[in-house]
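Several structures are given next for inspection.
Each of the next two complexes has chain A plus one more chain, namely chain B in the first and chain C in the second.
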Partner chain A sequence: MSEGMLILGAWIAAALTLFLFSFLYKDNPFFKVAEHLFIGAGMGWYFQTIFYKIMIPKIWEPLNSGDPFKMFMVIIPAILGLSLMTQFIPKISWISRYGFTFLMGYSAGMAIPVGLATDFMNQILGTIEPFSAFFSLTPWQMFNALTIAIGTICVLFYFFFSVEHKGAGKKVSNIGIYFLMIYFGASFGNTVMARFSLLYGRFDTLVNYSSAKYFYASAWIVVGLTLYFLAEKIFMSAKREISQ
Partner chain B sequence: MKNTSILVSAFLILTSYSSFCAPKAGKAAAPSPIKMELKNFEALDFPYDKGETGLLKWDHTEELNDASFSVMISTISEKEGWIEADTFKAGEKTADKVNLPFWAFKKDKNKYAVPVELNNVLSSEIKQDVPFFAKVKIIKGKNSFESQTASAAARGNWFRADRLNNLLLFLFVSIVFFIIVSHAKKKSLFIRRIAGLDAIDEAIGRATEMGKPIFYVPGIGVMSQISTIASTFVLGEVAKKVAQYDSYIKVPHYDPIVMTVSKEIVKQAYTEAERPDSYKEDINVFISHDQFSYAANVDGMISREKPAACFYIGYFMAESLLLAEVGASIGAIQIAGTDVDHQLPFFFTACDYPLLGEELYAAGAYLSKEPMLVSALKVQDFGKLVFMISVALFSLLLIIGSKMNWQGLSSTLTEILKVY
Partner chain C sequence: MKLFKKNIPLAIVLVFGLVSLASYYVPNRMSEDYLEVMNAWENIVSAFGFFLGLISLFYAHYMKIRKKADGWGYSLFVYIGFLMMVIPAIISHGKQLNPDASLTWLGWAFRYLYNPLSATMFSILAFYIISTAYRSFRIKSLQAFVLFVAAFVLILGRIPVGQMIWDWALGFTKVTAGEAIDWIIGVPSTAGKRGIMIGVAIGAVVTSLKIIFGIERQYMGKD
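And now, the complex of A and B:
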């Protein structure tokens, strides 16, 4: 890539990043430009990915392979998929229901056995497994196993909707909430750390683009945005005064 | 007499000399190794798979102690194309260690059972019913012997007997579901109060009073996700109330299929509320199938249109806080629900009423009181009850079993609950 293109790329990247960050102050035309460009680029990328990674290799190529088995395996799903497009023509939009019915049935059929296996049987097994050699565990492992089993039961009781949570049930449910909150706290901290790591990466890029090599791209854009917001504030306050 | 004694002594001298001169077999010649063979060696199709694995079986005999085995496979012929598929020592890979439950496979400690994944061994995709040849090299000390060759063909199975536990559980749950449905149709079933869902009326009422729109964000899930399906149920109820109050709702979408389903649901809700004339095609709008451009645009719409109420119900990932934070900054009343546990803390911090996981699944039933949905909720509760009892009971049993040294209990329970 030529040096000029690298510099242009740096200016675009720094500008789009700072335009999106400007939303932290308030909604503005620069944010709108970045927002709509983001949607357009996202949709363009999505379309070409679907076209080249799905439509061509999974539909077009098998249909043109000349192999009757491959053609048969593709033609029914393709017709069902195309039926969804009839939504655009109100008179025949009922055809899309065949596609949707298949889609819903297929999704439920896929989800139910997997759900039963992973959310039910595997979870019970995972919870009770340490008890199979309970007396050979260390005291800490015993405490861990018991905490997990009791915590699981209490949290599940919190999500039990068929009885009113009062009396002893309320206490069990409250213990469940404590377990949930401890988990949420840990999860929150973990995710925030990951997000900060992303933010540092972005700041690092901006600092890098503010060097002389890129003609101080980040710095100039920050100055430009600040001047715009100042001018807008002065203009708006003047306009308000006139209208008053 | 004298002659006789001379003859006897001569015979004895000759015999002792010949025995002295004869080669001593035990010391001078090396012992010829006893040929080892595998008893009942057979190649079979591995049961209950999609037809890519073979199974080799033979009996464990005492002479195989301390031996090691090298399993050889060929798909070409008995004479060529041999590839080493596996090596292991005596005592390993016995039939009791095969990853199949006791009801689908005979667990015999005195038999070897070696699964051979043909695709992995041959590094190519094999077609169904292609025969394979197998033999085993027995290595004991410095000697090695080859077994006879056996052959079989790997076939796919239509029925997975190893997953029978899953099927039985599914049938049991289905039966319970139909019993509860018939019960729910006769009389209404109790559902405890869920604060987040009671707030829906308050949020819609507030938006109506303020004359501002309501935003319903179904997240970035696709139609196969349970949270998205649950979200569409809630959307139906929210849209019905919006139609009744003659307020305005906007539903920005990430997935085109979810959008099409949502369109039907909202249209139906307006019809049920006897306000089909109020329904507008632009209630459901498609934004983008890119996560962050979707979030950026929804954020922009929220900050520009300043809705009085925002619902974030469905499947959310990193955009959860991006959306909820903007909603909070404009002072909208916010109700959020997702089953993505690591995003719930963000909804907790930025929303007024979060719905936690299962509460989202309960939402459709809670709001509509539809017998079918209420029954589904009751079945979920039944599942939770079974889960709680199972954990408590099995834990207790295992603790007692661990103390009393009941060997079979742990493995039986494990196999019943294991997913194959």
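And now, the complex of A and C:
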């Protein structure tokens, strides 16, 4: 890739980044252009991934292998997949059920053991495992193990609606709520920090692209956007005055 | 017609669901082969599912352009964005790097087009999350206060200013902000998360069984 293309890329990347950030001021055509480009580019990215990772190695190559068994094993899912396209023809759209039911059946069948193994058994195991060597733990580790076990039971009880939550049961479910609140708070904090981490990355890129090496791309685009918003404001206020 | 429209699709769900479920628990060469084949089939059918969505999106934007609906000009950029990724991909045969580790056309499009767009789009959410929380969140109960403290410690404790404030205010405890965050995530937050995950797993199993046995069939649509 030539140096010129890298500089052009820096200008495009800086422009698209700033176009999207411009929405923080207000909705504008630059944001909408970048937003629609994002939808298209996202679909393009997944399209090429599916084309080169699934369509060619898993459909095209087996079909051209000359092996009847391999061809047969590709034709069935390809027909099931093509059946989905009948969604566009209302009269025969029921045919798409064949493809959907295959996906649903297989996914449901796999969701049971996977869900049981990872989300159910592993979580229970993680909760009770420290108790297998409980007295070899330090007092602090014992406290933590007990807190997790009690907290998990209380949260589960909070979601257990087969008995009325009153008396001692209400207290247990209330304790469960506090553990849930801590989890929600921690999740919120983590989400915010993850987004901010992306934000620092974008700022870092913009600073990088504002260097002389990239002909001050970020700075010029900021100036351009500022001029646009100023011009728009002047134009709009003049228009308002004329109409009054 | 009911046979083709309803009974056979439900039979497909039942058969593939039960056989996939059984294959997971049967340590046999045949079941391993079956799962491998089904995984490939699922990839293929899902790929067509993606094309279904893609065509639907293109059709919606085509209709917007054709009817000259409000903002129809922006719809053109959906096609431009798509082509800006797909044409380089075709030229580069789906590879992002050349053998000498330099960028291919696809690598260039990913780095300078898709990556800035996706990273910026998600980073913008930081502002909205904070502003929404500020406007809607009120500490009206002890439970809300607990949520606030957990979030506050996690956000502030991860930045240098927050760590300085922590050391100034709570330095006497000899517990650092990092240790406090690790404890919150590792102990009380884990307890809350485990309760939810166990509940979700039970819900997923029950829903899957309902799908397999045809009790839940909304995905089949009407008629």
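Definition applied: the second predicted complex is superposed on the first by the 233 of 244 C-alpha atoms of A that agree within 3 Å, B and C clash if a C-alpha of one lies under 4 Å from a C-alpha of the other, contacts with A are read in each partner's own complex, and residues count from 1 in each chain.
Methods note: contacts are C-beta pairs under 8 Å (C-beta built on N, C-alpha and C of every residue); 3 or more make two chains touch, one makes a residue touch a chain.
Everything quoted here is computed from the prediction, not taken from an experiment.
With the two complexes superposed on chain A, say which partner A:Ala133 touches: chain B (first), chain C (second), both, or neither.
Once the two structures are laid over each other on A, A:Ala133 reaches chain B alone.
Go through the superposed model and pick first if A:Gly224 touches only chain B, second if only chain C, both, or neither.
A:Gly224: touches no partner chain.
Tell me which touches more residues of chain A here: chain C or chain B.
Touching more residues of chain A than the other partner does is C.
After superposition on the shared chain, which partner residues are touched by A:Lys58: those of chain B (first), chain C (second), both, or neither?
So A:Lys58 only meets chain C here.
First (chain B), second (chain C), both or neither: which does A:Gly9 touch?
second
For A:Leu82, using the defined touch cut-off, is the partner it touches chain B, chain C, both, or neither? Pick first, second, both or neither.
second
Please indicate which partner A:Phe161 is in contact with in the superposed arrangement: first for chain B, second for chain C, both, or neither.
A:Phe161 contacts chain B only, not chain C.
In the superposed view, which residues of chain A touch chain B and also chain C?
20, 23, 32, 34-36, 38-39, 41-43, 45-46, 84, 87, 100, 103-104, 106-107, 110-113, 115-116, 118, 120, 123-124, 127, 149, 152, 156, 159, 180, 183-185, 187-188, 190-191, 195
Which residues of chain A touch chain C once you look at their complex with the stated criterion?
The contact residues of chain A facing chain C are 1, 5, 8-10, 12-14, 16-17, 20-21, 23-24, 29, 32-55, 58-59, 73-74, 76-78, 80-82, 84-85, 87-88, 93-94, 97-116, 118-120, 123-124, 126-127, 144, 147-152, 154-156, 158-159, 176-193, 195-196, 198-199, 201-202, 205.
Sort out for me which residues of chain B touch chain A in the complex.
163, 165-166, 169-170, 173, 189-192, 194, 223-224, 226, 229, 257, 260-261, 263, 287-290, 292-294, 296-297, 299-300, 303-304, 318, 341-342, 344-346, 348-349, 356-359, 362, 366, 377-378, 381, 383-385, 387-388, 390-392, 394-395, 398-399, 401-403, 410, 413-414, 417-419
Flag every residue of chain A that touches chain B in the complex, lowest number first.
20, 23, 26-27, 31-32, 34-36, 38-39, 41-43, 45-46, 84, 87, 96, 100, 103-104, 106-107, 110-113, 115-118, 120-125, 127-129, 131-136, 149, 152-153, 156-157, 159-165, 180, 183-185, 187-188, 190-191, 195
Given the complex with chain A, which residues does chain C contribute to the contact?
On the chain C side, the touching residues are 4-5, 8-10, 12-21, 24-25, 37-38, 40-52, 54-55, 57, 71, 74-86, 89-90, 93-94, 102-104, 106-127, 129-130, 133, 143-144, 146-155, 158, 183-202, 204-205, 207-209, 211-212, 219-221, 223.
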